[in-house]
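Just below sit the structures, each encoded as structure tokens.
Next come two complexes, and both contain chain A; in the first it sits with chain B, in the second with chain C.
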Partner chain A sequence: MNTFAALYPLLSIVVGALVVLLLEVFLKRKNRDYLAFISILFLLNAGRECIRVWNQGYTYFDGNLQLDNLALLLCLILTLATLLVILISMKYLRLQNVNFGEYYALLLFALSGMIIMVSSTDLLIIFLGLEVLSMSSYALAGLKIEDVRSTEAAVKYFLLGSFASAFLVFGLAFLYGAAHSLDIPAIVNFFRADTSLSLMALAGLGFVIIGFGFKIAWVPFHMWTPDVYEGSPTPVTAFFSVGPKVVGFAVLIRLFQLYWSESLNSQIVSSSLWVIAVLTMVAGNLLALRQRNVKRILAYSSIAHAGYLLVALLAEDNSGLVFYLFVYLFMNIGAFTAVIALSKKGTEYLDLENYKGIGFRYPWIGATLSVFLFSLAGFPPTGGFLAKFYIFASAVHEGFIWLVIIGVLASLISVYYYLRIVVYMYMHTATNDIEIDAYNPALFLVLFLCLYGVLQMGIFPGNVLIIIKQAVASLPIF
Partner chain B sequence: MTELFLVFLINGLLGVVLVVVNKITGPKRTNPIKETPYECGSPYLQDRIYPIPIKYYMVAFLFLVFDVEVVFFYPWALIFKKIGSPALIFMFAYIAILGIGFVYAWKKGAFQWEK
Partner chain C sequence: MAELFWLIPFFPALSSLLLILFGRKLPRKYIAFQACLAVFFSLALSILSFLSLLGSGHEGHGLIKNLFAWIHSGSFKVDLSLQFDQLTAVMCLVVSGVGFLIHVYSSGYMAEDKSFARFFAYMNLFTFSMLLLVMASNLVLMFVGWEGVGLCSYLLIGFWFEKPSAADAGKKAFIVNRIGDAGFMLGIFFILLHIGSAEFAAVNHAVEAGGFAQGLATLIALLLFVGAIGKSAQIPLYVWLPDAMEGPTPVSALIHAATMVTAGVYMVARMNLLYSLSPVAMQVVAIVGALTAVYAASMALTQNDIKRVLAYSTISQLGYMFIGLGVGAYSAAVFHLYTHAFFKSLLFLGAGSVMHALSGELDLRKMGGLRKYLPLTFPTFLIATIAIAGVPFFSGFFSKDAILTSAFANGQYLIWALGLMGAVLTAFYMFRVVFLTFYGKERLEPEAKAHLHESPKTMTIPLVILAFFSIVAGYVGLPIVLGKNVNLFDRFLEPVIHAPHGAHLSLSSEWMLILASVAVALFGIFIAYVFYLKKPDIPHNLVARFPWLYKLLYNKYYMDEIYNATFVNSTIKGSELVYKHFDLKVIDGALNGSAKTMNTIGKLLSSLQTGLIKDYALVFLLGALILLGYFVF
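This part shows the complex of A and B:
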């Protein structure tokens, strides 16, 4: 149904961003914390609107914006991620002297771009959303104006990101030339009818995959990830590690849901994605072994997780993929929250040396961080285990035996560097005193919300799975 | 399709071949005058690019935003009668967003030429 109500979630976010931007210039410097609460209000409203239109299938702008259930569920996931990121950044921004009101506005603008991306099937509209997301991300990465590393991160992200956008547009031009449309159903129909190998369409699809692969950080396109993750302010890193991955995979789910067939072009794409998946899982995990900076470890771990998610994409396991994204949101933001908690005015403790004895000095932070790391590594009582299990099971079912073997071996490697942090926290005695003053109720709220999420997904995933199945069932069949 | 591909291939290869052959067979006689940057034959005026104050960029940005706004106005005015009141609402929403940006830039001191 074509109705204005389809616009409410997006409108709530954009209006929130504009209000925050206006208030920022009129509010006194010491009152900037209110901006966080205002943006949280708008986020909650957006979430409420998403839930209200569940199962309604509203569309707007002549069907260019489609709020089917998958879009709504992903909107909810992204809104939740942004909410958690805002909660963990309130104290951090003050401590690290980056308390700009524009921070919240930029986060909301990035979120609006992501909502556009997940709720459209026109690749041009998706590109528009991607640009809104990217522009805000470049500014967010360079938020610590006086920090050289942050500036470096922003410049690197901007240069490489705009290059990747160029690839995407180039691919769109090729696809339009071949399929005479940029609507995803039309493109997939073209590929399914295409018996002779159309080089133009294949090149276009390849470029589009490169463009999204950059945002998701698959291995030949991952070079920016560690530097940008390390240089950006830590809450922004948490945002980067979840948001762009979710939207990238959302677009790829829509693009590939009916694409796989016996035709030659499908086999070429499938085998090249197979190679990318293997490279991503192996290289991501191997490179993480040598890192000593916790943010860099988490950066490489997020690359590796992009590889596991790609396995789900290849195995056509859409509900498994969405479930993994859901779990990944909780465990990754949780881990970054614990990293943020270990900071004081002007400094952050990011080196592994600083984690010696943390488990006994700050038991809550140590314990929750351990659970998140166990979940990232894929240990049984946590959500990370079930998510990996579903993905690998469906991959075996689809006949990707070698992919699963390599994936399981790669995640075995990952156990080493995740548990190394735990070992440092609990089995080394503290050599240097570290003082932290980032204690704050919002931080602990997020820690325990994420803990709850990870354990709920690991022990009683049933309810969540039912919702995800409903969402995936709403994908259009054409 | 293959013909198109061949055209791209031949053109690409031709570019590479011409540059490489030029590099290998061409004579290399240089003198200091030859190495200077080319400025229409006259002696060059400055030896580097001097930094430009960021204020110019601010003004250029704002100019660009409102310039593009006018570009959107023309087609809007042409089809205004056909669409009616929704067109008015959408355009006012658009102007409101630009206006907020303008107020933001103003309060942040983008127009203060001398601090």
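This part shows the complex of A and C:
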């Protein structure tokens, strides 16, 4: 149904961002926390709107904005991610002296870009959303203007991001030239009807994959990830590690859901993605082995997880993919929250050395961080285990035996670097005194929310799966 | 209110959670109060749900509450759903009722212990697990409760883990139970494989529709029975239960009477339709039960530790329940479970009270003449003893008689004879305990005598209540000779026990059987009286005449030693060999080697990570070119 109501979630976010920008002028620096609360109100409202139009299938702008169930579920995931990031930012921003009001506005703008991306099937609109997201991201990465690393991260992200955007636009042009449309269903129909391999269309598809591969951080388009993740303020890193991945895969789900089933040239795409998946899983995990900076470890781990997600995409297990994204949101933001909690004014404790004995000094942080790491490594009874299990099971079902073997071996490697953090926390005695003053109710709220999410999905995934199945069912079937 | 029945298990769960999280900071009085209150809520709700079930008449199929879908994977689906039907009602009342009294008793018994909160947290968790087990409406959820009681028994038996014997006993209980659990799990897998659902209703439906071939039914029934053997301590997996005495006495009472060991009996009764399909499995159950009943009773004859005597008596009584199940008298078995819960918990709590009075003394040889010092413990303990011995008009008589009569009626004469023999032994060893403890000369240690005192009210009041039920609980299941339809218990369970009723005996033979059991019980008591009060030198003479027999019994047939020599030691030796030759050399070698390789590759890869944008763009571009080249050509 074409109705203005389809715009409410997006509108709520954009209006929220504008209100925050305006109010920032009138607020004293120490009162900036109010902006966070205002943003949270708008986020909650957006979430409420998403839930309200569930199953309604609203559209607007002549169908360019489509709020099908998949879009709504992803909107909810993204809104939740942003909400959690805002909650963990408040104390951090004050402690690191980067308490700028624009921060919240930028986050909301980034979110609005992502919402546009997940709720459209027109690649040009999706590109617009991507640019909104990217612009805000560049600014967010460089938020710590006095920190060289942060600035460096922003510049690197900007330059390489523009590079990737150019690829994407180029691909769009090719695709349009071949298919005479940028609407995903039309493109897919073109591919399915095409009996000979059209060079232009294939090249266009390749460029598009590269463009999104950059955002998602697949090997070999991942080089920016560790540096940007390390340099950015930690809450922003948490945001980067979840948001762009979700939207990237959302677009690819729509592109490939229609594509695989019976297309002549699907073999080429599938085999090249197969190679990318292997590279991403293996290289991501191997590179993480040698890191001693926790943020860098998590950066490489997020690359590896992009590889597992790609396995789900190859296996056409859309509900498994969304489930993985959902679990990933909780475990990754949870892990970053614990990292943020271990900081004090002007300093963040990021080196592994600093984690010695943390488990006994700060039992709650240690215990929850351990659970998140176990989940990232894929141990039962956490959500990370089930997510991996579903993905690998359906990949085996689809005949990707070798891919699964490599994936399992790669995740075996990952156990080493995840558990190394746990070992440092519990089996080494503290050498240097770590004082933290990031204790904050909001941080603990997020820690426990994420803990709850990880365990709920590991032990009682039933209800979540039902919702995901409903969402995935809104994709067209051929 | 009855629709809220699904809340029954969650009161103790919540209380346990609170105690685990905040227990250390709470005052002792509050801890005990909360723990008891939580179980009391479960009891109250069980009673309400039971009453509404009674009100709904005999057609009532019980309630099912589907809380949510737990596992959804393809066609495989398990819901977290609880049910409350007649069988569950009986179990819930027993678990929460006896459990509540034991909780109250514990608040007095454990008053001096330093880990007060931890104790009650575990006790609540134990109660929760057992309630979950009996209320689950499918086998998978039941297995969760099944494992839960296993875990809790481990925690509670090893509660005083500073004592090595307690820690060992905890481990033993856990490991032996694992063996049974393996069989139980296999049984569940076969059911899932065969009918694709673990719901009891679906299993029963499939059985009625002829969905199980007899061979398959036998296989599944036997596998499930392996689990029951482990949980309910039957031959050959009974060895953990006597050692479980290392835990605090209320724990023993809880394990022996209300929770844990009854799980196996409950499970078989729950699956009665499936068992009825397989005469072979039924026969195995009956034989194992009968052998255990006599075998365990014979070991109880010579033990000098009061709690050990009770432990063997539990094993023996569980054997009776399995006889009942094996001969198709499911409701009689559950009936015995229900009466046994009262008098066995009373015996344990009474023993605990004696221990309390004697500053922890357990040895029967160092007691005697306590009658006058323990004015409440003595009569209640005596009532329980009379009940378990099978003297008419006490609860144990009715239930034991129902089982033996059914065995006889079904033509299982050998089983019946074994059961009768067990009954003599039971009456004998139980009265031996009473005579040695409360009658005769005082053989107390001087310092124990100095502190001799009756237990506080929190401990004695539960004793009195349990004593009351030990007398009257049997009157809901009167034998058929007193008139048709006087067995209310059977009729109440009818909607759940689908199995056909066994052959009926003529009234005169029923009377004969009853007289036989009465005679046997009285004979056992008489012998004990002669041996331990009248002519105390007879036992010594017997030991002198048959030293090998006494040694054999006293050392429990050397079963622990045999298990150690055959299974335990060979496992340890084997694993040592594997560790030395395979683990250290092959696995560690391969692991270290591959770890080194991985590390080197990681080093090489990270040398690409120069930090320079031009290099990053170059890698990006190379990757893009290769991909595009592959696409285009």
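Please note the rule applied: the second predicted complex is superposed on the first by the 472 of 478 C-alpha atoms of A that agree within 3 Å, B and C clash if a C-alpha of one lies under 4 Å from a C-alpha of the other, contacts with A are read in each partner's own complex, and residues count from 1 in each chain.
Definition applied: contacts are C-beta pairs under 8 Å (C-beta built on N, C-alpha and C of every residue); 3 or more make two chains touch, one makes a residue touch a chain.
These figures come from a predicted structure and were not determined experimentally.
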Using the touch definition from the top, say if A:Leu22 reaches chain B (first), chain C (second), both or neither. first
Is A:Leu199 in contact with chain B, with chain C, with both, or with neither (first, second, both, neither)? both
Go through the superposed model and pick first if A:Arg290 touches only chain B, second if only chain C, both, or neither. second
Quick check for you: in the superposed arrangement, does A:Pro220 touch first (chain B), second (chain C), both or neither? second
In this superposition, the partner of chain A with more touched residues, chain B or chain C, is C
Which chain A residues come up in both lists, the one for chain B and the one for chain C? 199
Chain A-touching residues of chain C, taken from the complex the two chains share: 68-73, 79-80, 595, 598-599, 601-603, 605-606, 608-609, 611, 613, 615-617, 619-620, 622-624, 627-628, 630-632
Along chain A, where are the residues that touch chain C in the complex? 155-156, 159-160, 163-164, 167, 199, 202-203, 205-207, 209-210, 214, 219-221, 223-224, 226-227, 268-269, 272, 276, 283, 286-290, 390, 413, 416, 460-463, 465-466
For chain A, which residues are in contact with chain B within the complex? 18, 21-22, 24-26, 198-200
So in the complex, the part of chain B that touches chain A is made up of which residues? 1-2, 4-5, 97, 100-101, 103-104, 107-108
